[in-house]
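Notes to accompany the following structure.
Should a chain be cited, it is by its letter among A, B, C and D, assigned in written order, with residues numbered from 1 in that chain.
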Amino acid sequence: MPTSPSLFAAPPAVPGTSSLAAHYQAVRAQSVALVQPLLPEDTVVQPSLDVSPPKWHLAHTTWFWETMLLQRFAPGYEVFHPEYAFLFNSYYNSLGSRVNRADRGTLSRPPLADVYRYRAYVDEHMAALLARLAELPPTATELVELGLHHEQQHQELLATDIKYILSTNPLAPGYLSEELRVKSEALKSGNSSLLTLHSSLSEATWLAVPGGIYAVGHQQEGFSFDNELPVHEVLVAPFELQNRLVTNGDFLRFIEAGGYQQFQFWLGEGWDLINREGWTAPLYWSKTAEGQWLRYGPTGLAPLNLAAPVAHLSFYEADAYAQWAGARLPTEAEWETAARYFEATPQGGNWLETGHFDPQPLPADADPTQCHQLLGDCWEWTYSPYHPYPGYQRAAGALGEYNGKFMINQLVLRGGSCATPESHIRLTYRNFFHADKRWQYTGLRLAR
Amino acid sequence: MPTSPSLFAAPPAVPGTSSLAAHYQAVRAQSVALVQPLLPEDTVVQPSLDVSPPKWHLAHTTWFWETMLLQRFAPGYEVFHPEYAFLFNSYYNSLGSRVNRADRGTLSRPPLADVYRYRAYVDEHMAALLARLAELPPTATELVELGLHHEQQHQELLATDIKYILSTNPLAPGYLSEELRVKSEALKSGNSSLLTLHSSLSEATWLAVPGGIYAVGHQQEGFSFDNELPVHEVLVAPFELQNRLVTNGDFLRFIEAGGYQQFQFWLGEGWDLINREGWTAPLYWSKTAEGQWLRYGPTGLAPLNLAAPVAHLSFYEADAYAQWAGARLPTEAEWETAARYFEATPQGGNWLETGHFDPQPLPADADPTQCHQLLGDCWEWTYSPYHPYPGYQRAAGALGEYNGKFMINQLVLRGGSCATPESHIRLTYRNFFHADKRWQYTGLRLAR
Amino acid sequence: MPTSPSLFAAPPAVPGTSSLAAHYQAVRAQSVALVQPLLPEDTVVQPSLDVSPPKWHLAHTTWFWETMLLQRFAPGYEVFHPEYAFLFNSYYNSLGSRVNRADRGTLSRPPLADVYRYRAYVDEHMAALLARLAELPPTATELVELGLHHEQQHQELLATDIKYILSTNPLAPGYLSEELRVKSEALKSGNSSLLTLHSSLSEATWLAVPGGIYAVGHQQEGFSFDNELPVHEVLVAPFELQNRLVTNGDFLRFIEAGGYQQFQFWLGEGWDLINREGWTAPLYWSKTAEGQWLRYGPTGLAPLNLAAPVAHLSFYEADAYAQWAGARLPTEAEWETAARYFEATPQGGNWLETGHFDPQPLPADADPTQCHQLLGDCWEWTYSPYHPYPGYQRAAGALGEYNGKFMINQLVLRGGSCATPESHIRLTYRNFFHADKRWQYTGLRLAR
Amino acid sequence: MPTSPSLFAAPPAVPGTSSLAAHYQAVRAQSVALVQPLLPEDTVVQPSLDVSPPKWHLAHTTWFWETMLLQRFAPGYEVFHPEYAFLFNSYYNSLGSRVNRADRGTLSRPPLADVYRYRAYVDEHMAALLARLAELPPTATELVELGLHHEQQHQELLATDIKYILSTNPLAPGYLSEELRVKSEALKSGNSSLLTLHSSLSEATWLAVPGGIYAVGHQQEGFSFDNELPVHEVLVAPFELQNRLVTNGDFLRFIEAGGYQQFQFWLGEGWDLINREGWTAPLYWSKTAEGQWLRYGPTGLAPLNLAAPVAHLSFYEADAYAQWAGARLPTEAEWETAARYFEATPQGGNWLETGHFDPQPLPADADPTQCHQLLGDCWEWTYSPYHPYPGYQRAAGALGEYNGKFMINQLVLRGGSCATPESHIRLTYRNFFHADKRWQYTGLRLAR
């Protein structure tokens, strides 16, 4: 992303068929790489309904290729196992019945080794299909692109689900292998001041965006999901946006000011939630008996990095912080508009390059090794509903279940996180979660 | 409303202090009148978490006057009973603890007679306060207006909660007293064709609204809630809206076409909901062994009136119908804009006068006697979130809990229903409910 | 009971047909008398799944007469209302479907006045039936006796359900009418020392019962439930029983010794229960900010009477107390055997007459006016399962559902309480509740 | 067991210290052998609250040795890992806090390999301790014996939990390794008639036991749990017991006669249970589209063996069957008495040797390979509560939590199953489960 000539250019995607095959291999390998530091036991469990076992992700993404590509475009293809469609369908009603989501963590079989066999079998057939992709209808190419982005979405879920799985264990094991751990420590030692000095982070400044009619939605060549379309105009009033994300240090001030104990900052459902769940800090934060704040991260428990962007907030916590700070969350139109506006200005370009807004190799957890291959800092909650853009039409068939059926009761997040694959980040990308979810890398940037 | 010179004029509200006192008396009397056909036993029960006992509504609205006006502006005022603040606070954290909402239906005391004594006591003190309102700070007058609108909101809830309470009883008693029942039958006999003839209702037509920048929000003199402000501009693309609500007859075609059995019309959470709850028709509809459709209404069970607007739909059902019909729900900006646009055109004015869009004395249930004092046909689901307008600020104190804290996970409805008090209807009024609620008079109008 | 020549004689029951008719009238009048101090609103609510609305009890007992007697033995009898069988069947699968138990408190109709009309209608027809009872098959007479005992069982439930309903109201109204309240105060003033002096109660003494083979079960003439039969022999080892019930004062010592905080006294399921529910004292006990213990009773909140039997204990609390006291609960065979044994001895007879074991007019709440017409002190938990006696056979038809189908997961209680109708008490009577229930008058007597 | 000179002799247990060490090794090895056919993934999951992950069983039994023996009697012993006490305590409040039972299946760490290291570490230290056992206080030897029986109890749970875990997987994998599977097929082919012929099983006959006073409880030398004591006398009326367990074929007749659809055979809570859960057959039974009955067993799905004892019944199903058959379940006193009585008679001895009552190598599943090392056929539900024997005292400390705190709301089962380790079977053994549980090998024998 930092190397793109424009923020709104598509990621370096997919010119010809041969590079598409290479991209396929790279994406598929990345899924396996994410699971590589785990033990087989880690790949089975589901400590929360939101979280899926890593083994399931590896198999589900493979099932997607088998069902959407091989069964349609590879004559004579035989499925690897007749039961896998039942086991690894996620939510497609049009593709048959499936295991209840809450039961994913009760399934020890197929074991991880069989899932790897499944992946190899499908990859082999996909290689053959990709080799003759030019002969197939254009739909096939479109589905390949979709499948790659689908797998990348699950890579982000793999990263966050693994983090959750390991963190809920009383042993609180770190995710990084010994080798990576050493590398991580070395990297961190280079900016160890981040771990202690609050003042090391410059104060946030406000950047003004003039009002006007702006176009919103995916306008470049290259892939986008259907929910980023159609491009449409919105009228945006003048507003200001901060030049950086809210940090752990900022958020700590909110906590210490009693923010979690004062209902007036909270939406009603949020106030009920934090009291019911006993939340008094972001997910993964804990306080030692001596009063030191820790956060669980890829190396296990570690001191809180005050200068890093605060992550793992629910929408309610993000909104309460903004209320307390006398500001608000941006809308998604404002967020996208600000990016377009600043890209075209000298000082804006500078801001975009150097600030947190411009996704950098520094991950939200300040553990570069976890996310060294990824762009983005943190998903940013907007105060916009995940509703269809004007003129949006759900596709027919299984693809119509990909995005459209979720367009209710969720909020849009923008920006990408340290767990988002680099070629999967777009500034028109509409991520979406329910307001109470916080196991993703979700933070905020203030607007007013 | 039909007699108003403009749809956007405020309701006939409240010029001087003496008429405010008269308006107070009228509104308070109306609450009692709604409960009058009930037996004491009916005023106690709570067959659903959404529904409150009528006795509770009568007391809660009274507590509002006592807390917001008398305790602040009537020196020496003594509360009627020290426990009532605990019993009848609805959701104001700033005003102390309160009975758990789920337990409202377990409280037999105070009995209805005591609640009437409470009302009389408060009304007497309010009469004295209203007589010297001109001497009090302007806030007092504003709070009186708010209190009247608050009580009118609860009148709509009284009407719908009573309907729900009686309908869940296996005896399915009607709400109307004998006298009203006779009157209702007489009225219905005059348009009995409605009960049988599908063709009696003209086909809906599409009315075009040009795109442009429109102002949205409360712009006239007179009262509005804070959530209708600030007035702000929106860019609306050209669209079309139907000249009438979707009717029972229309919706029956959707049912008979298998609409409740085909997931592709449904949002995911809606599909889960109707399957979990076993919904196959709107609330209050039932089918006899002989295949005749009935609906529960103010006279008890009665044949379905095919020409009446369909009511008691969840957002999910409204949206699924629209998907099936190849159309969509409007946004709230479109809805308000259409009204503004057509008011200013010759044909539009005509449409607004004669169509269902213009609230008429014909209630959603086609039982004029139930709602003869009310305007509006049916609340219309929009596909817009109940979020703050740009620039909205929550008020400080208890008033800040009136509207602002609910601005998440709900959808805006527009238009008012047969259960909405006439002077409470405004075209800028933003009603809001969660997508799964359907015990209100909630229907839809198609857009495209 | 105190006037019976033997504890094991049947209650003064039912010699000829005319006195049976008189007994019918007396029993039926007593049900109404229990509800008389209530307001209509009080008769509707159901603040716990265990509790039924008083209106429901009045109607259900009437339905029993209509279904078991009038529809079988009164030719041409027409039911009062065709829906009442659905509304007021309690649990008889053989008698058709019924309202879900959890929904009893949501039914405002039929109102109390209609239930009284229902009672009058059925009583009128029952009077005619009772007048010609001699001409009917013997089954009819047996069913009349069963119906009377059934109604008396519901009278005890009425007393305890009403207590629960009023106690859960934040206003904590008393049950007694003004007239009864005055009378109660007068009676209590005569033994006011009970309210303050711990030492006024003599220490409990242990009474020895020799081992041997004893007969257990109903052996006299007169009515018993089928679960009291067959008479059978049991081998009982020598044991001792205390001459009085455990008192509030005794139990307070357990509380003050930390009994609710030490798991070693508790059965595992009991420990989980008290921690889940936050129980730290018997039901209806509360402690003021000044540290005074109160209990809710028929006059509302009142100081705890240390000398009265402790009541409203779950089995778990009774058992934990016994563990703490270094004793145990008796079995039901021991309990019945002790009564038989002491009746035949001089000192035992004395004990039975003067101790709490012999049911007296002093009620558990030490509020004679609440229970002035009742015998018994408190139901005593035994450590015996409610299982069938050897040779027990469930009856065919609806009567087979009366007792037999509950013979699992419940414990037997013996003795009767201040809420048990006098003519309903028998020493072979097997009352039964789940171990977690405590809204009945349930206490304990120690054994070892 | 078949080789014991008397049924009531203790199992071949534990004469001197060296053989105790050998027995320790054998028992510990057996736990590992049970898990050996599984994959690491299988050892993690918990598809039901009743079921624990196999990995947890392996670690918990090890924690027991560490906590009860090594930390008390091995000076200087260092625990393997300080967190394991929290992770692997089952229910001992006296031994500190622990993982919520419902969360056992969310813990991927420690992995299986670490649990094996834990076992090796503890076994090594236990070997040293056992070598000097004669020098330690007698309590140490008693705790070793308890620990062995504790581990054997968990071996039975391992067998049944593994069966449940594999059965809930849509792939329905078999438990047996390939080698064992072949052996099992060979064995079954020898009595293949069992799989098809109903008539191959002789009709059950009734064996009469005279009434009298019998001693109940553990009376021999050797180990017993505290709940088998004290020995006490019971008076038993004359009764008859069947010479064999109820079979799958018997139970199939009950199903085909509509037994699951007729409430009159069922206890009330059982009727609610089977309707709520949709049970229409024992656990692990299923019916193909062609109407053939299958059962899930150690080789996966297989045809139902009509001649084998029916297993995996809840108490409710066992009791309903008995009601339907015009008989009843025995009490535990009857069951134990019958065994004592027949052992002393010529024909009885014969019966005990050849019938199912005498535990044989033929397992309940008719899959000898599954249980080839085990005695017993099936646990037999009795209609006796799991209450303390007269005079029973809970031990102080952690041992008091072993048995005593469960003595409520459970029923006694007798006899042992194909999953019970041979040296763990005793005829005085009181197994206990809640009435709704059926994942153990639980069946029934009729009495009358």
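Some observations on this one:
The criterion applied here is as follows: a residue touches a chain if its C-beta (ideal position, glycine included) is under 8 Å from a C-beta of that chain, and two chains touch if they have at least 3 such contacts.
Chains and their UniProt names: A, B, C, D = Ergothioneine biosynthesis protein EgtB.
Small disclaimer: the values here were computed from a predicted structure and weren't measured.
Each chain gets a centre from the mean of its Cα atoms; the one farthest from the centre of chain D is B. Taking shared numbers over all numbers used, the chain B to chain C interface scores over half, which places it in the same class. The distance from the centre of chain B to the centre of chain D, each centre being the mean of the chain's C-alpha atoms, comes to 61 Å. Centre-to-centre, using mean CA coordinates, chain B is 48 Å away from chain C. With centres taken as mean Cα positions, chain D sits 40 Å from chain C.
Contacts with at least two other chains are made by no residue of chain B. Arrangement of the chains shown, judged by which pairs touch: one closed cycle in which each chain has exactly two touching partners. Pairwise, the chains that make contact are A-B, A-D, B-C, C-D.
Here chain C touches chain D in the complex through residues 91, 93-94, 213, 232-235, 237, 263-264, 266-271, 315-316, 323, 383-385, 387-388, 390-391, 394, 396, 400-401, 405-409, 435, going by the rule given at the top. Note for the complex: chain D touches chain A at residues 39-47, 55, 83, 86-87, 99, 103, 105-112, 165-166, 168-171, 173.
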